[in-house]
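Per-chain residue numbering starts at 1, and chain names A, B, C and D are given in the order in which the chains are listed.
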Amino acid sequence: MSHEHPGYAEDKAAVLKRLARIEGQVRGINRMVEADTYCIDVLTQISATTKALEAVALKLLDEHLAHCVADAAAKGGPEADQKIKEASDAIARLVRS
Amino acid sequence: MSHEHPGYAEDKAAVLKRLARIEGQVRGINRMVEADTYCIDVLTQISATTKALEAVALKLLDEHLAHCVADAAAKGGPEADQKIKEASDAIARLVRS
Amino acid sequence: MSHEHPGYAEDKAAVLKRLARIEGQVRGINRMVEADTYCIDVLTQISATTKALEAVALKLLDEHLAHCVADAAAKGGPEADQKIKEASDAIARLVRS
Amino acid sequence: MSHEHPGYAEDKAAVLKRLARIEGQVRGINRMVEADTYCIDVLTQISATTKALEAVALKLLDEHLAHCVADAAAKGGPEADQKIKEASDAIARLVRS
């Protein structure tokens, strides 16, 4: 974990790949409902998709803490406080969603 | 709430519409990451999408309890027990996802 | 799973035991904060306690679906619809909490 | 938000008060089950208690990010990376619990 965003390019590609897969999962759920698939099977697929989205959010949050928040904290001052407040609010939204 | 699935057609159309919107939200998140949108804004969008997926799951579960589970319970026997077990397991997956 | 609440006595004893343990966990968290325990360790303990509470809720919900809701559904009529609506609302609260 | 823990004393007192209230809520749930209170009412109380515990966790996490993590990030080096990794893991546990 460095603060110069090395390898951000790979991370970004990996995140985009995961999001493309999630988009496909949602499309699959749509097709399942369209085809009157048994409700419990649709719910299983929705739970898996929600977990996959949460995992992407946690990944982005990790990056954000390790880069933006850490850089701002290293500089200190009001911007540091604001970045931390902002991250806390985003975490609260994730925990509650 | 009746057990003969009245208006199921409308419900299905509404669920499909919601899923199409969620698919669009996921595509939007992909574009945000692609365009290096500020991480906190991406997280806000992911939280909203997760909540929307959960709402669809709760809607499908309501229908399932009101129709399949209620019908099976009305008939009784091992099938009723199995339907209830299955619903409980799906609820546990939702609560934990 | 029967609808005459057999073994409800044992289940109740088990649920009470789990709740007593959770009460002890919360008391332990209080002591940790009192003693200025490292924040991350307190958070780990809170996550474990939240999971334990959720597990009790899922257990009670299972029982409720298998007994109250199944009985009401077997009888049918408006009471059945109301029990199912009530269970759906409780599930939504759990998923969102 | 400063990094010298001003007013930490008040925050600690407030957190301890909230935890004492949560302990009372869990004891109340125990009494409800003991008295065979209607299951749905017990579930409502459990959801409220889970939310209260989560709110304490988010409060502690805010403090932790604003003090420990910010201080470590300001100093930099491997300790900063480790504190951020540790916080990310705690956040993941909270989101999943």
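FYI, a residue touches a chain if its C-beta (ideal position, glycine included) is under 8 Å from a C-beta of that chain, and two chains touch if they have at least 3 such contacts.
Going by UniProt, the chains are A, B, C, D = Copper-sensing transcriptional repressor RicR.
This is a predicted model, so every value here is computed, not measured.
Under the contact definition, chain C and chain D share no contacting chain. Listed by label, the chains that touch chain B and also chain C number zero. Our note on geometry: chain B versus chain D, Cα centroid distance of 29 Å, whole angstroms. Chain centres here are Cα means. That of chain A falls 20 Å from that of chain B.
Touching two or more other chains at once are residues 54, 57, 61, 87, 94, 96 of chain D.
Taken as a contact graph, the chains are arranged in a single closed ring, with each chain touching exactly two others.
Touching chain pairs in this entry, ordered by label, are A-B, A-D, B-C, C-D. Residues 12, 15-16, 19-20, 22-23, 26-27, 29-30, 33-34, 36, 39-40, 42-44, 46-51, 53-54, 56-57, 60-61, 63-64, 68, 86-87, 90, 93-94, 96-97 of chain A are the ones touching chain B in the complex.
For chain C in complex with chain B, the touching residues are 1, 3, 54, 57-58, 61-62, 65-66, 69-71, 73-74, 76, 80-81, 84-85, 87-88, 91-92, 94-96.
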